[in-house]
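Supplied in C-alpha coordinates, the structure appears directly below.
Chain lettering (A, B, C and D) follows the sequence in which the chains are written, and residue indices restart at 1 in each chain.
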Amino acid sequence: MTVRVVETPFDPSAELAAFCRGRTDVGAIASFIGLVRDEHGGERILAMTLEHYPGMTERQLARIEAEARARWPLFDVLVIHRVGRMLPGEPIVLVATASAHRAAALEACAFLIDWLKTKAPFWKLEETPAGARWVEARASDEEAAARWER
Amino acid sequence: MTVRVVETPFDPSAELAAFCRGRTDVGAIASFIGLVRDEHGGERILAMTLEHYPGMTERQLARIEAEARARWPLFDVLVIHRVGRMLPGEPIVLVATASAHRAAALEACAFLIDWLKTKAPFWKLEETPAGARWVEARASDEEAAARWER
Amino acid sequence: MRIRYFAWLRQRVGCSEEEVELPAEVRTVGDLKRWLGSRHPRFAEACAAIGVVKAAVDHEFADDDRPLAGAREVAFFPPVTGG
Amino acid sequence: MRIRYFAWLRQRVGCSEEEVELPAEVRTVGDLKRWLGSRHPRFAEACAAIGVVKAAVDHEFADDDRPLAGAREVAFFPPVTGG
(Lines give C-alpha, C1' and ligand atoms only; values in the text may rest on other atoms or scores of the structure.)
Protein backbone atom coordinates (compact mmCIF):
# COMPACT_ATOMS: atom_id res chain seq x y z
CA MET A 1 0.00 0.00 0.00
CA THR A 2 1.48 3.30 -0.99
CA VAL A 3 -1.34 5.49 0.36
CA ARG A 4 -2.02 5.36 4.09
CA VAL A 5 -4.17 7.32 6.53
CA VAL A 6 -2.85 6.84 10.07
CA GLU A 7 -4.36 7.70 13.46
CA THR A 8 -1.15 7.56 15.49
CA PRO A 9 2.22 9.34 15.16
CA PHE A 10 4.46 8.12 12.35
CA ASP A 11 8.18 8.57 11.73
CA PRO A 12 8.78 10.14 8.29
CA SER A 13 12.50 9.33 8.30
CA ALA A 14 11.89 5.65 9.10
CA GLU A 15 9.24 5.55 6.36
CA LEU A 16 11.68 7.14 3.91
CA ALA A 17 14.40 4.68 4.91
CA ALA A 18 12.02 1.80 4.12
CA PHE A 19 11.00 3.50 0.88
CA CYS A 20 14.66 3.69 -0.30
CA ARG A 21 15.83 0.34 1.10
CA GLY A 22 17.40 -2.14 -1.28
CA ARG A 23 16.61 -0.19 -4.43
CA THR A 24 19.43 0.06 -6.93
CA ASP A 25 17.32 1.12 -9.93
CA VAL A 26 16.12 4.41 -8.48
CA GLY A 27 18.32 7.45 -8.99
CA ALA A 28 16.22 10.13 -7.34
CA ILE A 29 13.94 10.33 -4.32
CA ALA A 30 12.08 13.54 -3.52
CA SER A 31 10.05 13.99 -0.38
CA PHE A 32 7.91 16.49 1.43
CA ILE A 33 7.09 16.42 5.14
CA GLY A 34 4.39 18.65 6.59
CA LEU A 35 4.64 19.28 10.35
CA VAL A 36 2.37 20.94 12.90
CA ARG A 37 3.69 24.47 13.54
CA ASP A 38 3.50 26.09 16.98
CA GLU A 39 2.36 29.38 15.46
CA HIS A 40 -0.19 30.46 12.84
CA GLY A 41 -1.29 33.95 11.94
CA GLY A 42 0.43 35.36 15.04
CA GLU A 43 -1.32 32.99 17.45
CA ARG A 44 0.24 30.17 19.39
CA ILE A 45 -0.95 26.71 18.37
CA LEU A 46 -1.32 24.24 21.23
CA ALA A 47 -2.57 21.32 19.14
CA MET A 48 -4.09 20.49 15.80
CA THR A 49 -6.87 18.03 14.99
CA LEU A 50 -7.23 16.63 11.50
CA GLU A 51 -10.75 15.50 10.61
CA HIS A 52 -11.28 13.54 7.41
CA TYR A 53 -13.91 11.67 5.41
CA PRO A 54 -13.02 7.97 5.68
CA GLY A 55 -13.54 6.20 2.39
CA MET A 56 -13.46 9.35 0.27
CA THR A 57 -9.99 10.20 1.61
CA GLU A 58 -8.41 6.94 0.51
CA ARG A 59 -10.19 7.12 -2.83
CA GLN A 60 -8.99 10.67 -3.51
CA LEU A 61 -5.42 9.93 -2.43
CA ALA A 62 -5.31 6.83 -4.65
CA ARG A 63 -6.63 8.89 -7.57
CA ILE A 64 -4.06 11.66 -7.01
CA GLU A 65 -1.32 9.03 -6.85
CA ALA A 66 -2.56 7.42 -10.10
CA GLU A 67 -2.55 10.85 -11.76
CA ALA A 68 1.09 11.43 -10.69
CA ARG A 69 2.10 7.99 -12.02
CA ALA A 70 0.38 8.77 -15.33
CA ARG A 71 2.23 12.09 -15.69
CA TRP A 72 5.75 11.12 -14.61
CA PRO A 73 7.81 7.92 -14.90
CA LEU A 74 7.82 6.90 -11.23
CA PHE A 75 9.15 3.69 -9.70
CA ASP A 76 7.25 4.28 -6.52
CA VAL A 77 5.07 6.74 -4.59
CA LEU A 78 4.37 6.98 -0.87
CA VAL A 79 1.70 9.14 0.74
CA ILE A 80 1.04 8.99 4.50
CA HIS A 81 -1.45 11.38 6.10
CA ARG A 82 -2.06 11.58 9.83
CA VAL A 83 -5.56 12.22 11.25
CA GLY A 84 -6.76 12.94 14.79
CA ARG A 85 -5.17 15.21 17.38
CA MET A 86 -1.47 16.05 17.20
CA LEU A 87 1.04 18.42 18.81
CA PRO A 88 3.44 21.01 17.36
CA GLY A 89 6.43 19.32 15.71
CA GLU A 90 4.48 16.16 14.88
CA PRO A 91 4.31 15.11 11.22
CA ILE A 92 0.98 15.59 9.45
CA VAL A 93 1.88 14.32 6.00
CA LEU A 94 4.69 12.63 4.10
CA VAL A 95 4.86 12.48 0.31
CA ALA A 96 7.75 10.66 -1.37
CA THR A 97 8.46 9.87 -5.02
CA ALA A 98 11.11 7.67 -6.61
CA SER A 99 12.26 8.03 -10.20
CA ALA A 100 15.31 7.46 -12.36
CA HIS A 101 15.78 11.22 -12.71
CA ARG A 102 15.42 14.16 -10.39
CA ALA A 103 13.06 16.36 -12.41
CA ALA A 104 10.35 13.67 -12.41
CA ALA A 105 10.78 12.96 -8.69
CA LEU A 106 10.75 16.65 -7.67
CA GLU A 107 7.85 17.68 -9.91
CA ALA A 108 5.70 14.70 -8.97
CA CYS A 109 6.33 15.37 -5.26
CA ALA A 110 5.26 19.03 -5.60
CA PHE A 111 2.23 17.96 -7.66
CA LEU A 112 1.14 15.38 -5.08
CA ILE A 113 1.21 17.76 -2.14
CA ASP A 114 -0.46 20.56 -4.13
CA TRP A 115 -3.29 18.30 -5.24
CA LEU A 116 -3.63 16.65 -1.85
CA LYS A 117 -4.08 20.10 -0.30
CA THR A 118 -7.09 20.91 -2.50
CA LYS A 119 -8.59 17.55 -3.47
CA ALA A 120 -8.38 15.31 -0.41
CA PRO A 121 -11.11 15.67 2.26
CA PHE A 122 -9.14 16.77 5.33
CA TRP A 123 -9.99 19.67 7.65
CA LYS A 124 -7.74 21.23 10.27
CA LEU A 125 -8.95 22.40 13.66
CA GLU A 126 -6.37 24.46 15.57
CA GLU A 127 -6.32 24.83 19.35
CA THR A 128 -5.06 28.25 20.43
CA PRO A 129 -4.97 29.84 23.90
CA ALA A 130 -8.15 31.70 22.84
CA GLY A 131 -9.98 28.50 21.85
CA ALA A 132 -10.37 26.19 18.87
CA ARG A 133 -10.79 27.44 15.30
CA TRP A 134 -11.14 25.78 11.92
CA VAL A 135 -8.35 26.62 9.50
CA GLU A 136 -9.61 28.46 6.43
CA ALA A 137 -8.73 27.31 2.93
CA ARG A 138 -6.19 29.57 1.26
CA ALA A 139 -6.57 30.93 -2.26
CA SER A 140 -2.83 30.30 -2.75
CA ASP A 141 -3.44 26.57 -2.36
CA GLU A 142 -6.00 26.65 -5.15
CA GLU A 143 -3.52 28.56 -7.33
CA ALA A 144 -0.74 26.09 -6.56
CA ALA A 145 -3.01 23.20 -7.55
CA ALA A 146 -4.26 25.00 -10.65
CA ARG A 147 -0.79 25.20 -12.20
CA TRP A 148 -0.95 21.42 -12.67
CA GLU A 149 -4.34 21.51 -14.45
CA ARG A 150 -4.27 20.74 -18.16
CA MET B 1 27.70 23.06 9.49
CA THR B 2 24.94 22.62 7.01
CA VAL B 3 27.17 21.75 4.02
CA ARG B 4 29.23 18.58 4.24
CA VAL B 5 31.39 16.56 1.86
CA VAL B 6 31.77 13.00 3.15
CA GLU B 7 34.08 10.17 2.11
CA THR B 8 32.13 7.31 3.68
CA PRO B 9 28.52 6.13 3.31
CA PHE B 10 25.88 8.26 5.01
CA ASP B 11 22.27 7.55 5.97
CA PRO B 12 19.93 10.16 4.42
CA SER B 13 16.97 9.16 6.59
CA ALA B 14 19.00 9.47 9.82
CA GLU B 15 20.27 12.87 8.62
CA LEU B 16 16.71 13.95 7.86
CA ALA B 17 15.53 12.75 11.27
CA ALA B 18 18.21 14.90 12.92
CA PHE B 19 17.29 17.81 10.64
CA CYS B 20 13.61 17.67 11.76
CA ARG B 21 14.21 16.80 15.43
CA GLY B 22 12.75 19.05 18.08
CA ARG B 23 11.60 21.75 15.67
CA THR B 24 8.09 23.07 16.27
CA ASP B 25 8.45 26.25 14.20
CA VAL B 26 8.99 24.54 10.85
CA GLY B 27 5.91 23.61 8.84
CA ALA B 28 7.51 22.14 5.74
CA ILE B 29 10.58 20.05 4.99
CA ALA B 30 11.47 19.17 1.41
CA SER B 31 14.28 16.82 0.52
CA PHE B 32 16.04 15.28 -2.43
CA ILE B 33 18.18 12.14 -2.31
CA GLY B 34 20.38 11.15 -5.26
CA LEU B 35 21.38 7.48 -5.36
CA VAL B 36 23.79 5.48 -7.51
CA ARG B 37 21.77 3.64 -10.19
CA ASP B 38 22.69 0.17 -11.39
CA GLU B 39 22.07 1.15 -15.02
CA HIS B 40 22.91 4.14 -17.23
CA GLY B 41 22.41 4.50 -20.96
CA GLY B 42 21.63 0.79 -21.28
CA GLU B 43 24.84 -0.33 -19.55
CA ARG B 44 25.14 -1.97 -16.17
CA ILE B 45 26.89 0.16 -13.55
CA LEU B 46 29.08 -1.78 -11.12
CA ALA B 47 30.32 1.21 -9.13
CA MET B 48 30.62 4.98 -9.30
CA THR B 49 33.52 7.16 -8.18
CA LEU B 50 32.94 10.82 -7.38
CA GLU B 51 36.01 13.01 -7.78
CA HIS B 52 35.90 16.57 -6.50
CA TYR B 53 38.03 19.68 -6.00
CA PRO B 54 38.55 20.01 -2.24
CA GLY B 55 38.32 23.61 -1.15
CA MET B 56 36.43 24.79 -4.21
CA THR B 57 33.66 22.26 -3.53
CA GLU B 58 32.90 23.54 -0.02
CA ARG B 59 33.11 27.13 -1.20
CA GLN B 60 30.67 26.56 -4.07
CA LEU B 61 28.24 24.59 -1.91
CA ALA B 62 28.28 27.32 0.76
CA ARG B 63 27.65 29.94 -1.93
CA ILE B 64 24.75 27.96 -3.42
CA GLU B 65 23.27 27.54 0.06
CA ALA B 66 23.61 31.29 0.74
CA GLU B 67 21.86 32.02 -2.56
CA ALA B 68 18.94 29.76 -1.58
CA ARG B 69 18.66 31.44 1.83
CA ALA B 70 18.63 34.87 0.13
CA ARG B 71 15.83 33.83 -2.24
CA TRP B 72 13.50 31.94 0.10
CA PRO B 73 12.63 32.28 3.81
CA LEU B 74 14.33 29.14 5.11
CA PHE B 75 14.81 28.06 8.71
CA ASP B 76 17.50 25.60 7.76
CA VAL B 77 19.32 23.97 4.85
CA LEU B 78 21.27 20.71 4.74
CA VAL B 79 23.51 19.58 1.87
CA ILE B 80 25.56 16.38 2.13
CA HIS B 81 27.57 15.14 -0.85
CA ARG B 82 29.47 11.87 -0.90
CA VAL B 83 32.82 11.53 -2.70
CA GLY B 84 34.98 8.51 -3.49
CA ARG B 85 33.87 5.08 -4.71
CA MET B 86 30.33 3.88 -4.06
CA LEU B 87 28.01 1.06 -5.13
CA PRO B 88 24.53 1.02 -6.72
CA GLY B 89 21.87 1.96 -4.19
CA GLU B 90 24.25 4.09 -2.10
CA PRO B 91 23.33 7.74 -1.58
CA ILE B 92 25.39 10.33 -3.47
CA VAL B 93 23.69 13.49 -2.30
CA LEU B 94 21.08 14.75 0.16
CA VAL B 95 19.54 18.20 -0.02
CA ALA B 96 16.97 19.24 2.60
CA THR B 97 15.22 22.54 3.24
CA ALA B 98 13.01 23.68 6.12
CA SER B 99 10.53 26.54 5.88
CA ALA B 100 7.23 27.65 7.36
CA HIS B 101 5.49 26.96 4.05
CA ARG B 102 5.74 24.26 1.45
CA ALA B 103 6.32 26.36 -1.68
CA ALA B 104 9.52 27.86 -0.26
CA ALA B 105 10.81 24.47 0.93
CA LEU B 106 10.03 22.70 -2.37
CA GLU B 107 11.36 25.42 -4.65
CA ALA B 108 14.55 25.94 -2.64
CA CYS B 109 15.19 22.19 -2.66
CA ALA B 110 14.82 22.00 -6.46
CA PHE B 111 17.00 25.09 -6.85
CA LEU B 112 19.76 23.67 -4.64
CA ILE B 113 20.06 20.39 -6.51
CA ASP B 114 19.85 22.11 -9.92
CA TRP B 115 22.62 24.57 -9.05
CA LEU B 116 24.72 21.93 -7.32
CA LYS B 117 24.60 19.85 -10.52
CA THR B 118 26.10 22.65 -12.63
CA LYS B 119 28.13 24.78 -10.21
CA ALA B 120 29.85 22.42 -7.77
CA PRO B 121 33.10 20.75 -8.92
CA PHE B 122 32.22 17.05 -8.85
CA TRP B 123 32.90 14.51 -11.60
CA LYS B 124 31.44 11.03 -11.93
CA LEU B 125 33.40 8.03 -13.13
CA GLU B 126 31.24 4.97 -13.83
CA GLU B 127 32.51 1.41 -13.79
CA THR B 128 30.73 -0.79 -16.32
CA PRO B 129 31.45 -4.39 -17.41
CA ALA B 130 33.23 -2.83 -20.45
CA GLY B 131 35.45 -0.59 -18.30
CA ALA B 132 35.40 2.81 -16.63
CA ARG B 133 33.98 5.92 -18.30
CA TRP B 134 33.54 9.53 -17.24
CA VAL B 135 29.93 10.68 -17.18
CA GLU B 136 29.27 13.48 -19.67
CA ALA B 137 27.55 16.68 -18.60
CA ARG B 138 23.96 16.89 -19.85
CA ALA B 139 22.51 19.93 -21.60
CA SER B 140 19.29 19.33 -19.65
CA ASP B 141 21.18 20.04 -16.40
CA GLU B 142 22.30 23.42 -17.75
CA GLU B 143 18.71 24.17 -18.76
CA ALA B 144 17.39 23.16 -15.35
CA ALA B 145 19.91 25.45 -13.66
CA ALA B 146 19.22 28.30 -16.09
CA ARG B 147 15.56 28.55 -15.08
CA TRP B 148 16.75 29.92 -11.72
CA GLU B 149 18.97 32.63 -13.27
CA ARG B 150 17.77 36.19 -12.87
CA MET C 1 -30.13 8.26 1.50
CA ARG C 2 -27.37 9.02 3.99
CA ILE C 3 -26.31 12.65 4.45
CA ARG C 4 -22.97 13.46 6.12
CA TYR C 5 -21.56 16.74 7.39
CA PHE C 6 -17.91 17.54 8.17
CA ALA C 7 -15.79 20.12 10.01
CA TRP C 8 -17.57 23.35 11.00
CA LEU C 9 -20.57 22.47 8.87
CA ARG C 10 -21.08 19.42 11.08
CA GLN C 11 -20.94 21.67 14.13
CA ARG C 12 -23.37 24.19 12.58
CA VAL C 13 -25.91 21.57 11.54
CA GLY C 14 -25.47 19.82 14.87
CA CYS C 15 -25.12 16.29 13.55
CA SER C 16 -22.53 14.31 11.66
CA GLU C 17 -24.93 12.18 9.67
CA GLU C 18 -28.61 11.51 9.09
CA GLU C 19 -30.76 9.17 7.01
CA VAL C 20 -33.33 10.95 4.85
CA GLU C 21 -36.15 9.96 2.48
CA LEU C 22 -36.03 12.36 -0.44
CA PRO C 23 -39.22 13.73 -2.02
CA ALA C 24 -39.42 12.96 -5.72
CA GLU C 25 -38.74 16.58 -6.72
CA VAL C 26 -35.25 16.55 -5.14
CA ARG C 27 -33.24 15.43 -8.16
CA THR C 28 -29.85 17.17 -7.93
CA VAL C 29 -27.26 18.21 -5.36
CA GLY C 30 -28.59 21.78 -5.64
CA ASP C 31 -32.16 20.58 -4.95
CA LEU C 32 -30.86 18.64 -1.94
CA LYS C 33 -29.09 21.69 -0.53
CA ARG C 34 -32.30 23.72 -0.69
CA TRP C 35 -34.35 20.89 0.80
CA LEU C 36 -31.87 20.33 3.66
CA GLY C 37 -31.71 24.10 4.19
CA SER C 38 -35.42 24.12 4.94
CA ARG C 39 -34.75 21.62 7.76
CA HIS C 40 -31.48 23.15 9.04
CA PRO C 41 -31.54 26.99 8.94
CA ARG C 42 -27.80 27.20 9.68
CA PHE C 43 -27.07 24.90 6.73
CA ALA C 44 -29.11 27.25 4.52
CA GLU C 45 -27.09 30.18 5.87
CA ALA C 46 -23.79 28.49 4.98
CA CYS C 47 -25.05 27.58 1.49
CA ALA C 48 -25.99 31.20 0.87
CA ALA C 49 -22.27 32.10 0.89
CA ILE C 50 -20.75 31.16 -2.48
CA GLY C 51 -18.05 28.49 -2.49
CA VAL C 52 -18.29 27.71 1.22
CA VAL C 53 -20.23 24.45 1.03
CA LYS C 54 -18.71 21.68 -1.07
CA ALA C 55 -20.46 18.41 -1.84
CA ALA C 56 -19.49 14.83 -2.63
CA VAL C 57 -21.81 12.12 -3.99
CA ASP C 58 -20.68 8.60 -3.14
CA HIS C 59 -17.14 9.90 -2.37
CA GLU C 60 -16.83 12.01 -5.54
CA PHE C 61 -16.79 15.80 -5.58
CA ALA C 62 -20.08 16.98 -7.11
CA ASP C 63 -21.44 20.29 -8.40
CA ASP C 64 -24.97 21.53 -7.80
CA ASP C 65 -26.25 20.13 -11.09
CA ARG C 66 -25.09 16.59 -10.30
CA PRO C 67 -28.13 14.22 -10.41
CA LEU C 68 -28.82 12.15 -7.29
CA ALA C 69 -30.35 9.14 -9.06
CA GLY C 70 -28.78 5.97 -7.62
CA ALA C 71 -26.70 7.81 -5.01
CA ARG C 72 -26.33 6.22 -1.58
CA GLU C 73 -24.41 8.90 0.32
CA VAL C 74 -24.08 12.67 -0.06
CA ALA C 75 -21.59 14.65 2.03
CA PHE C 76 -21.36 18.40 2.65
CA PHE C 77 -18.24 20.13 3.97
CA PRO C 78 -16.19 23.34 3.83
CA PRO C 79 -13.23 23.70 1.44
CA VAL C 80 -10.55 21.17 2.40
CA THR C 81 -7.45 22.16 4.39
CA GLY C 82 -5.27 19.06 4.68
CA GLY C 83 -1.63 18.45 3.92
CA MET D 1 51.70 29.16 -9.51
CA ARG D 2 50.01 25.85 -8.91
CA ILE D 3 48.09 24.25 -11.79
CA ARG D 4 45.58 21.46 -11.08
CA TYR D 5 43.77 19.08 -13.40
CA PHE D 6 40.66 17.04 -12.65
CA ALA D 7 38.69 14.07 -14.01
CA TRP D 8 39.55 12.96 -17.56
CA LEU D 9 41.63 16.09 -18.14
CA ARG D 10 43.90 14.92 -15.32
CA GLN D 11 44.21 11.54 -17.03
CA ARG D 12 44.92 13.15 -20.41
CA VAL D 13 47.57 15.51 -19.09
CA GLY D 14 49.05 12.73 -17.01
CA CYS D 15 49.37 14.64 -13.75
CA SER D 16 47.02 16.03 -11.13
CA GLU D 17 49.05 19.12 -10.29
CA GLU D 18 52.23 20.97 -11.16
CA GLU D 19 54.06 24.11 -10.03
CA VAL D 20 54.91 26.49 -12.89
CA GLU D 21 56.77 29.78 -13.31
CA LEU D 22 54.75 31.86 -15.75
CA PRO D 23 56.49 33.99 -18.39
CA ALA D 24 55.51 37.67 -18.15
CA GLU D 25 53.38 37.53 -21.30
CA VAL D 26 50.95 34.98 -19.77
CA ARG D 27 48.42 37.37 -18.26
CA THR D 28 45.00 35.67 -18.52
CA VAL D 29 43.41 32.26 -18.22
CA GLY D 30 43.29 32.11 -22.03
CA ASP D 31 47.03 32.87 -22.25
CA LEU D 32 47.68 30.15 -19.67
CA LYS D 33 45.68 27.60 -21.64
CA ARG D 34 47.76 28.27 -24.77
CA TRP D 35 51.02 28.20 -22.80
CA LEU D 36 50.12 24.92 -21.06
CA GLY D 37 48.97 23.52 -24.40
CA SER D 38 52.47 23.99 -25.78
CA ARG D 39 53.76 21.77 -22.94
CA HIS D 40 50.92 19.20 -22.95
CA PRO D 41 49.70 18.43 -26.50
CA ARG D 42 46.68 16.51 -25.17
CA PHE D 43 45.66 19.52 -23.09
CA ALA D 44 45.85 21.66 -26.25
CA GLU D 45 43.64 19.09 -28.02
CA ALA D 46 41.01 19.26 -25.27
CA CYS D 47 41.07 23.09 -25.29
CA ALA D 48 40.46 23.11 -29.05
CA ALA D 49 36.97 21.72 -28.44
CA ILE D 50 34.69 24.56 -27.30
CA GLY D 51 33.19 24.31 -23.81
CA VAL D 52 35.04 21.16 -22.84
CA VAL D 53 37.72 22.71 -20.60
CA LYS D 54 36.49 24.82 -17.68
CA ALA D 55 38.78 26.84 -15.44
CA ALA D 56 38.81 28.09 -11.85
CA VAL D 57 41.15 30.70 -10.41
CA ASP D 58 41.63 30.37 -6.65
CA HIS D 59 38.44 28.25 -6.40
CA GLU D 60 36.29 30.58 -8.52
CA PHE D 61 35.01 29.72 -11.99
CA ALA D 62 36.91 31.90 -14.50
CA ASP D 63 36.52 32.74 -18.19
CA ASP D 64 39.43 33.01 -20.64
CA ASP D 65 39.73 36.78 -20.15
CA ARG D 66 40.17 36.50 -16.38
CA PRO D 67 43.55 38.10 -15.39
CA LEU D 68 46.00 35.93 -13.47
CA ALA D 69 47.63 38.74 -11.47
CA GLY D 70 47.81 37.67 -7.81
CA ALA D 71 46.40 34.18 -8.45
CA ARG D 72 47.91 31.27 -6.51
CA GLU D 73 46.10 28.30 -8.03
CA VAL D 74 44.44 27.68 -11.39
CA ALA D 75 42.44 24.51 -12.04
CA PHE D 76 41.25 23.00 -15.32
CA PHE D 77 38.52 20.42 -15.59
CA PRO D 78 35.65 19.14 -17.75
CA PRO D 79 32.04 20.32 -17.17
CA VAL D 80 30.92 19.18 -13.73
CA THR D 81 28.65 16.12 -13.26
CA GLY D 82 27.88 15.90 -9.54
CA GLY D 83 24.63 15.59 -7.64
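In the analysis below, a residue touches a chain if its C-beta (ideal position, glycine included) is under 8 Å from a C-beta of that chain, and two chains touch if they have at least 3 such contacts.
None of the values given here were measured: they were computed from a predicted structure.
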Intersection of contact partners for chain B and chain C: A
Chain located farthest away, centre of chain B as origin (C-alpha): C
Centroid spacing, where centroids are CA-atom means, of chain A and chain D in whole angstrom: 48
Gap in Å, rounded to a whole number, between the CA centres of chain B and chain A: 23
Centre distance in Å when chain C and chain D are each reduced to the mean of their C-alpha atoms: 72
Computed distance of Cα centres, chain C from chain A, in Å: 26
Touching two or more other chains - residue numbers and ranges from chain C: 83
Per-residue overlap in chain A, given as positions that touch at least 2 other chains: 34, 102, 113
All touching chain pairs, where touch follows the definition stated at the start: A-B, A-C, B-D
Residues of chain B defined as touching chain D within the complex: 34, 50-53, 55-56, 59-60, 81, 92-93, 113, 116-125, 134-137
Chain A residues within the chain B interface of the complex: 11-14, 16-17, 20, 22-39, 88-89, 100, 102-103, 105-106, 109-110, 113, 140, 144
Complex contacts: residues of chain D adjacent to chain B: 4, 6-8, 56, 59-61, 75, 77-83
